[in-house]
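In the two complexes below, subunit A is the common chain; its partner is subunit B in one and subunit C in the other.
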Partner chain A sequence: MKTKKISIWLVVAAAALMLAAPGSAMAGEVYKTALSLAITGPTSDAGNPYSKGVEDYFRYVNDMNLLGDDTVDCTIRDDKYETAITKRNFEEFLDMGIVFYLNYSTGSTLALKRDFEEVEMPTLPASYHAGNIEGSDYIFLPIASYSAQNIGLAEYVVDHHEGGTPKVAMYVHPSAFGREPVKDVEKAIEAGLDIEIVETVEHGQDLDVTGMLQRWRSKGVQYVISQTVQSPVATMLKGANILGLVAQSFGEKGKITFLGAHYTGGNDLVALAGDAAENFYWTTSFITTSESSAGADAQLDLAERYGRDEKTANSHNYAAGILVAEITTEVIKRAKAKGKEITRENLYKELLDMNGMNAFYSQTAVGPVTYSKDDQQGVDTLQLYVVQDGEFRAEGKPFISEYPEKIK
Partner chain B sequence: MMSANRWMATGNYFTTYRQEQRIFATHTDRLIFALFLVVLFSWPYFIELSTKHMLVVDNILIAVIAVYGLNLVTGFAGQISVGHAAFMGVGAYTVAAVAGVIGDQHVLITHAWPLMILLSGFTGAAMGLIVGLPALRLRHLYLLMATLSFQLIFQWVIGSMELFNQGQFMYVGRVHWFSGEVGRSQHYMFWYYALLVTVVVSGLGVRNILRTRYGRSLVAVRDNDRAADAMGMHPGLTKVFAFGLAGFFAGIAGALQAYLNRGAGFETFTLHESIQYLAMTIVGGLGQVTGCLFGPAAIRILDLQVESLAQWAGGILPSSLDLATGLRPLSFGLVIVLFLIFEPRGIANWWRIIRSYVKLWPFRY
Partner chain C sequence: MTYFFQLVVSGIVVGSIYALAAIGFVLIYKSSRVLNLAHGQLIAAGAYITYTLTVYCHIPIYLSFVLSMILMFFLAMSVERIFLRRLIGEPIISVIMVTIGLMSIIDGVIYLTPYGSENLSFPSFLPSQPIVFQGIYISYTQVAGVVITFLLIGVFSWFFRKSTVGISMRAVSDDQMASMSIGISVPRVFGLAWATAGLTAAAAGGILGNIVGLNFDTLHAFGIIVFPVVILGGLDSLPGAVAAGIIMGLIQQFASGYLDGNWGLSGTASLLPYIVLLVILLFKPHGLFGTHEIERV
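Up next is the complex of A and B:
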């Protein structure tokens, strides 16, 4: 009797296994990717929405079956902006068998550069430092480098300035992130860009920089190009506002026009500087939600779909997170379409093929993403924005700075 | 008169200072230590650890070497230093700067790495002696300010000078061993053994220093520098000596860090790190060699736990408040304060209590 009972259970179990087997075969592949970034600690104001952009887009890919039955499993780890933790996270990701990696800071990208080369890991950082891709085959900047952005701003100044050589001050972060673009702007000047750099200031953590602004006024500075993060720029703009130094229109005589690259702007700047942010010129390769566009709608829809707050939904860092997740998904999609196995090597090849007719058009960027053996910067196109009534408004058409090619 | 049985703790009466200064009081102690070493050297053959956790273990061992130095200056000599990470930075940047000048694949970097590590130790010691000079005249908070200044000057120098790549990461090549280049797959295991040897040799070194008149001077100056002066010691030079020793161990630890991370970046040697080393020293046990082992392990493991907690909190707390960022400093502050209040002698005291109990077992006293 007992033997009969056991036999029945065995048959039931075997039937259950047989039924389950085809289902599991249809479940599809899981492609492992990972992101290490500062969700807490320094720069977490940018890292937090960035991580949500990545997370939401991959959730969307999986929920909408954009890769068919296959899914992307992106592990996101907080590194608190500490290179040692990023390194530990990366080693863990390697053990997990990731096929594509998303990194964050300049410091950790430079520190792990050799690791990326050794394990041949295609990597997209959130740092647009030109030095990241020097001597590296596997690091790809999602958008134009800081150098290209700063040179682009300088070119804009030259094109729109009236009367003689424009006098420019550079206000930069006291690190490689801030310094390196200055060197490239200087190279562009040597190559013929007609601006005069009156002074370069590496900011500290001062809460008042009116002394510096007075000095610049006495030196006849007409434009300030900032290559740093929002808070020091907000402090500077507030000081300039108190002194009545902010130009009300581009290049207004006797006043100073303030400009800045990617991480100086965005809604956080307006929140920090308030009215003083008015007429601040900012360049980036991303769309903004304050300008109506299909990309802006898509960004807001994604944020709403996954219950993000308004601040996150409108952040350009959220858009930046979406972009790297989009690129990752796109290379997986292309490799799949060619019947290739999803490996680091094949995804790397797909990145290298992403140019010409194969360029990728993202919803959140102002131009196409292109990569090749000689081009490791994704979106070369920049858009200039200006703050008007507390919102960033597009100023002119998207453009590509010319001098980065000349100084290569 | 010595016990007839050197294996037993009971009946072990010392009749000379030399006997009292022995590192191992009984043969049992020596045997346990030997067995402990066997376990430390052999466990990787039996237990497979992920690369991430191997890296954590390596970092704990580096911190142990650094804390040997900090404990000498703070725990044994009674001086305060909040610039220990900068001393480590001196060691790391000695290797990195030499690599920057002669090339990171130069034979001196890749083959003569033990010499480079030793050189970094001496550079750290030299810097320690210089920074220790204010200790001739300064005490307490004023000395703290002097060491804090060194920390800040270090960060400024590294961030400004071209020699140090203005704080950008400087690469150090992979080292060679008898079997050839130590590749990626053996990297963390190789450094585990290199670090373990350094920890053991340094630990015995520290223990031996403390047996010498110089070591005893450190403790005498800490307890009462005027009395020490009256006994013929030079309190000022003793303090400078302590800073030199601390710099030496920090320099060694820094160089090992540079080799482990395959380069140096100044983020690893900030004031925050200095405070972490101070926390390790306090939590482990000030003035206890065994504390140098417990403190780093406890803080690094706590760090891992807090990291997970902060990440979890970061995901659910409103990002605009950024409350999760505060969890880490809060937890460190709390741990230090709790230890200072409830266990000022650190984890080493727990170890002492356990040992006393085991030593007397089955008797109560």
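Up next is the complex of A and C:
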């Protein structure tokens, strides 16, 4: 009797196991990725919405089964903009078995470059510093480098300036992030770009830059190209506004036209500078939500879906976070479609194949994402925007700056 | 000459904000000999309280400004009561370490709020067109900042010279034991010094936020930027803080206007204040107006 009872239990247990087995097989694979960035501390004004863009897009991928039964598990950690913490985070991510990594700052990307090479980790940083990809096979810039952006702005100045060689001042962050693009602009000048750099100023934490603006006026500076973050640009624009120096139209004579690359602009600049941000020219590879487009709608829908506030929803840093999550998802999807195992090596190969007919079109970028063995810069296309009535409006068509190819 | 006078005006504007921020350091040092390294965080807290009252509680900005000063008065007093009162009599280095801890705590609290990672600006409440006089430009916000700063400096000067509480604070600053022997409550004076420093921090934060916008990195870094001003003026001198603030503001503007960008020079506006500070300290180790103490043994 006892043996019979045990047998029945064994049959029931076996049946339960058989029922459970197909279920667990159907649960799919979990692909581990990670992001380390400044959610608090310096530059967290950019890092915070960026992390939300990454988080929301991966949630969307999992919720909508964009990878079938498989899911992406992206661990996001705050590094407070400290490279030592980023390195510790990265080492822990490696122990977790990540197959793709998203990094943030210029400093930590440069510092961890060798680590990425050693472990052959495909990496997308939020820093678009051209130096990140020098001597690296595994770092891929999501969009045009700061150098390409600054040269693109200089080319726009040349194309739209009337009368002689335009006099330009460069206003840059006191770091590699700020300095290095100036060298590339200088190389472009040597290669024939017709601008004169009157001065390059590395800003401090100034409350007032009247002295600098007065000096520029006395030297006949007509354009200022900024390669830094929003806060010092806002201080400069406020000062220029008080002195009546801001050009009301591009290249207005006797005034200064202010321009800036990716991290100088966006809604945060308007929030800080207020009316003084009017007529500021900004370039980036991202769409903005102040211009109606399918990409803007998609970005706003995603933010609404996951309960983000209006400020996050409209941030270009949120869009930047979405883009890197999209690229990660796309390479996983492509590797899966080819029946490949999802490993660092295979995802790296998929990144290298992302060109020509295989280019990836993101809704948050103004051009296609292309990578190859010789091209580690994703979206080459840039769009110029200008602040009008407190909003960034597209100025002209998307363009690709020419001189970065010439100075290679 | 317009060029020169524009730099003078801008130097005075910047210098007066330095002076207001420096007063907070001086008030605490003057009464307790403690250097409060969390003063930048108090400035940021004051700015964000003013912003919250203005934008979310819809209180007119000038009223928010006053309310913020009152709130910060009590907040700083509480900080002294909770964290620092029990350290009276302990080595000064212990107290300074506590202010460093306080710095991290306030940073952490602000990072927990959206303010830690957002860029904001106060709603405009003054005309945006600048005042132009003889080709020299100044904004209404800058004028308001300078007027409020000098008003507060005037009030504090009167307070320390004429009011009983102010005189008690000076007495404690001179000699704690002698003050206690004539019935002055030293802990109460310490609390009041912190409270008053909180009040000035709120004022500096409100003015700074209106001029440069609200970015936490910029605001709390201001506590460090203003440090040379405090040293130059003499750690325990209110007139010294004012004079040093203006001197530093002018040096920065002149360096930026006349030196930077010429003869291959760059960044002198940031560097020169420190060089001037070192040179002055060589000749006057207690700063321009600091108390020169002679200890007889």
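Going forward, the second predicted complex is superposed on the first by the 393 of 408 C-alpha atoms of A that agree within 3 Å, B and C clash if a C-alpha of one lies under 4 Å from a C-alpha of the other, contacts with A are read in each partner's own complex, and residues count from 1 in each chain.
Convention: a residue touches a chain if its C-beta (ideal position, glycine included) is under 8 Å from a C-beta of that chain, and two chains touch if they have at least 3 such contacts.
Bear in mind that the values here come from a model prediction, so they are computed numbers and not experimental data.
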Thinking of the overlay built on chain A, is A:E118 touched by subunit B (first), by subunit C (second), by both, or by neither?
-> first
Could you look at A:T83 and tell me whether it touches subunit B, subunit C, both or neither (first, second, both, neither)?
-> first
When the two structures are overlaid on chain A, which partner does A:N48 contact: first (subunit B), second (subunit C), both, or neither?
-> both
Touching partner for A:S231 - first (subunit B), second (subunit C), both, neither = second
State whether A:K311 touches subunit B only (first), subunit C only (second), both chains, or neither.
-> both
Looking at the overlay, what does A:R215 touch: subunit B (first), subunit C (second), both, or neither?
-> second
Touching A:D206, do we find subunit B (first), subunit C (second), both, or neither?
-> second
Pick one for A:L272: touches subunit B only (first), subunit C only (second), both, or neither.
-> second
Which residues would you name on subunit A as touching subunit B in one complex and subunit C in the other?
-> 39-41, 44-45, 48, 311
Enumerate the contact residues on subunit A facing subunit B in the complex.
-> 39-41, 44-45, 48-49, 77-78, 80, 82-85, 87-89, 91-92, 94-95, 107, 110-111, 113-114, 118-119, 131, 174-176, 179, 309, 311-312
Report the residues of subunit B in contact with subunit A in the complex, numbered from low to high.
-> 50-52, 55-56, 59, 159, 166-169, 171, 184, 188, 261-263, 265, 267-268, 307, 310-311, 314-315, 318-320, 322, 324-325, 327-328
Once bound in the complex, which stretches of subunit A touch subunit C?
-> 39-45, 47-48, 199-202, 204-212, 214-215, 218-219, 230-231, 234-235, 238, 241-244, 268-269, 271-275, 311
Quick one: in the complex, what on subunit C touches subunit A?
-> 3, 6-7, 10, 13-14, 17, 111, 116-121, 124, 128, 130, 132, 137-139, 142, 208, 211-215, 217-218, 221-222, 225, 252-258, 260-261, 266-267, 269-270
